[in-house]
Amino acid sequence: MEMLLQTFVNGVMVSLGIILIAAGLCLVFGILEIINFAHGEFYMLGGFGVWWFFDQHPLPIAGSPALQYILAIILTVILVGILGVLVERFIFRKIHENHTNTIIAALGIVFILQASALVTFGSRDKAVASPFSGMISLGGISLSEERIAAIICAVVFILGLYYLVQWTRMGKALRAVAQDHEAAQVMGVNIGHIFSVTMFVSCGLAAAGGALMGPIFYVNPYMGAEPVMKAFVVVILGGMGSLPGAVIGGFIIGMTESFVTTYVGAHLAMIVVFLILIGVLLVKPTGILGRGE
Amino acid sequence: MKTDKNKKILELAGLTKVFGGLVAVQGLDLEVKTGEIMGLIGPNGAGKTTVFNLTSGVLMPTEGKVLFNGEDITHLKPDRIAQKGLVRTFQANTLFPEFTVMENVLLGCHLQADIGFFEDLFPLASSRKKRDRVDEKAMDIINFAGMHDYRRETAKNLAHGYQRLLGVAIALAAKPRLLMLDEPVSGMNAEEKTTMMELIFRVREQGISVLVVEHDMRVVMGLCDRIAVLNFGRKIAQGTPSEIQNNKDVIEAYLGVDE
Amino acid sequence: MLNIKNGIILVFVIAGFLLPISIKDRFLLHILINIFIWSILTLGIRLVLLAGPLNLAQASFMGMGAYTSGLLAMRLGWSFWLCMPAAGLVTALLAVGIGYPTLRIKGSYFVMVTFGLTEVFRHLWMMWSSLFGGPQGLLGIPRPAPIHLAGLTIAFNSKVPFFYLALILFLITVFVMHRIDLSRMGLTLRAIPQADLLAECVGVNIMGYKVAAFAIGSFFAGIAGSFWAHYFTYCSPWDFTFVASFYMLMYAVMGGMGTVLGPIIGCFIMLGLDELLRPFKEYMPIILGVILIGILLYLPGGIISVPERVRMLWNRRQS
């Protein structure tokens, strides 16, 4: 019974991490209409960011470790977001009509970022000491404080995204562009700005995911590959361009992975996830809540 | 090719297509007789291109049948239908833009090139002969369509009128028994339209039946033996050009539409 | 048949065959062997890419070829000369089985599927350790048995016979790929990404052509994998990851997709550069990535389009 609950909580955490990455992918696809294969690398940079700004070179700000940790995450998110904006502005914007070349370029960025991280930080796993080191007992099971904190932070980010998209003027502009680029422009929306904002939010969310997962697992330059693959499955499952779909898909995949890993094995979990991907693409490519092409 | 003037080459029976809530085509019965040039007209949105898509296998009908030379082709895929001799063109300039005119037509000759895969790999005398034969067939089509001078031009660089002609040439290369033309003269000037009409007459002389969708009334009346009129997905009239011109329902349907 | 172009090709081919006689540097032979094998793999990816689909699982097919060949030799005692074609065939059949359901999936999603496939294969090889040897892979794959030709015995215990084998495989692959380019199949494959609906409506079976190209590209990947396995005498899951596939893609794009020469030149230049810049090994992916993006943005035709570009600029300057 305890293992069941642990697996469940773990599944929630994993799901939320995946949702953070998937939401970013979803945004970029819905608004820029490109599939950002380099997305996982921003997740990876998020992990290294929190390692750098919290573990290695803590920010010179007085306060509890928890506060420093939060600030490190925020700083990382901002920096990675800016990087994303630059990548879009100088690379994707020039070639986005050619889908194949955009994919190849994104893979090239994966190469560059991954190798840069390797050169700068080395290939060994890095641990990030979490500011939350206790254990909490809930109904007979012990859950680590750091996992609870990660869940709470992830929920905050996701709710923040929801607020941005649904309740702000910027969100309205984002939704307008997602619907129809030309119509939005006619209404006075500056498409370039919208693209930049989208990339900032998208890559920032990926970085948040990496920053939150970093202390719980390890940080290394290859950590972006698997999460982005899972995020792809989530986005396709939930429907490309649908944020609620990404949430639903995220929970399905996260829970599947958690339970299969615990009760069967990690290798098989990846294979199962992959089979889900193929299944969805063959049967209903638009996904559960998809917009359709 | 023997053409029995009263045989039907194409028969649409009760053809219906529903998209979500929209009925695009409703219970359409249509016949094209072997050797005739049949016109299909109607106001914008009447469903003419949908009929083409349903007939050529691009869309599957919600109800109804498509019979080609008596054979039920309703649920066949477009490449099988083309193999049977039913070839269509497209409204927009659908060509292979990066290919030359010659390469475009060569592609159209796809079905006629009976070179086996492994034979093609080796520069043997036999494969060379077969390849030359296909090249000849392609040149014949290009000359037939009057595009000899442009055979080395890249398709995307052609003037609009020649692009439309090329579209027809590609379709002809596939050796159709029935050629379906979707707005062949759209965007052409008067001289180009005459050239296209002459080409279509030459096509009919070859024994190929033609079903043509067009908006230009002068072209339709001048070209077609019979005309069917669609409005809101239903056939509202059918007959010879003069019958259609004087048909009350047809005039009403087009009221307010200048042609 | 007798013209300058064919003459140049003949010179290169002859030079290739005479090379090991004059140059005894084993390391240079090794680099060339690498270039030949990677060219085969790169040409395979290019063939499918012509028709549209971007196959990131090419390295996985290479891996299947390697494992198949190694296992047939080690477990069933087959001769290498049977293992290699068998590996190619098995890989091709596998490609047909995988390609048939997946090639109908739209462009970018297909790429994701192939990306996922690389992970599936890797996990499969690691999981099924009784067959594939787990994370270590297969060790001790036998070298090809000596061949007896015209009184000579050629034993595969130095780089030289492997060089000739790689050269021959390379030449066969280039020949086949070039002939496909010129054939009806080549024309049809190139037509598909331009106007697939039009092609279908003049009788082209799009799926048939895509699967065929996929199978051919994978066949050669299997052959290359088989060579790899018996040359290095071991293979592991980490040799055949998505990264390897991406290198193949990069060489094809950087060299230029238009003809078979492009990927070959891409391999020569990039793998040569790799060796020259050996001291900067960790920076290579960064350099390659930057060059790749530069080419995508400013020189989409690849390196072989440089002469044409220069000519165009020159003409413009003249007028």
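Each chain carries a letter (A, B and C) given by its place in the written order, and its residues are counted from 1.
The rule we apply is simple: a residue touches a chain if its C-beta (ideal position, glycine included) is under 8 Å from a C-beta of that chain, and two chains touch if they have at least 3 such contacts.
Values in this document were obtained by computation on a predicted structure and should not be read as measured data.
Trainee: How many steps does it take, at the fewest, to get from chain A to chain B if each step moves to a chain that touches the one before?
Mentor: Shortest path length, in steps: 2.
Trainee: State the chain with the largest centre-to-centre distance from chain C, centres being mean CA positions.
Mentor: Between chain C and the rest, the longest centre separation is with B.
Trainee: Please state which pair of chains has more C-beta contact pairs than any other pair.
Mentor: A-C
Trainee: Quick check: how many Å separate the C-alpha centres of chain A and chain B?
Mentor: 50
Trainee: Centroid from C-alpha atoms only, then distance chain A to chain C, rounded to Å. What do you get?
Mentor: So the centroids are 34 Å from each other.
Trainee: Using mean CA coordinates as chain centres, what's the chain B-chain C distance in Å?
Mentor: Distance between chain centres: 42 Å.
Trainee: Please output the residues of chain B touching chain C within their complex, sorted ascending.
Mentor: Listed in rising order, the residues of chain B that touch chain C are 56, 58, 77-79, 81-83, 87-88, 90, 94-99, 103, 106-108, 110-111, 113, 115, 117, 120-123, 134, 170-171, 173-174.
Trainee: Under the touch definition given earlier, write down the residues of chain A that touch chain C in their complex.
Mentor: Touch list, chain A to chain C: 35, 37, 91, 94-95, 99-101, 103-105, 107-109, 111-112, 114-116, 118-119, 225-226, 229, 232-233, 236, 265, 267-268, 270-271, 274, 277-278, 281-282, 285, 293.
Trainee: Which of the residues in chain C come into contact with chain A in the complex?
Mentor: For chain C paired with chain A, touching residues are 49, 52, 54, 101-102, 104-109, 111-113, 115-117, 119-120, 123-124, 126-127, 242, 246, 249-250, 253, 282-286, 288-290, 292-293, 296-297, 300.
Trainee: Which chain C residues qualify as touching chain B in the complex?
Mentor: That would be residues 176, 179-180, 183-185, 187-188, 190-191, 194-195, 197-206, 212 of chain C.
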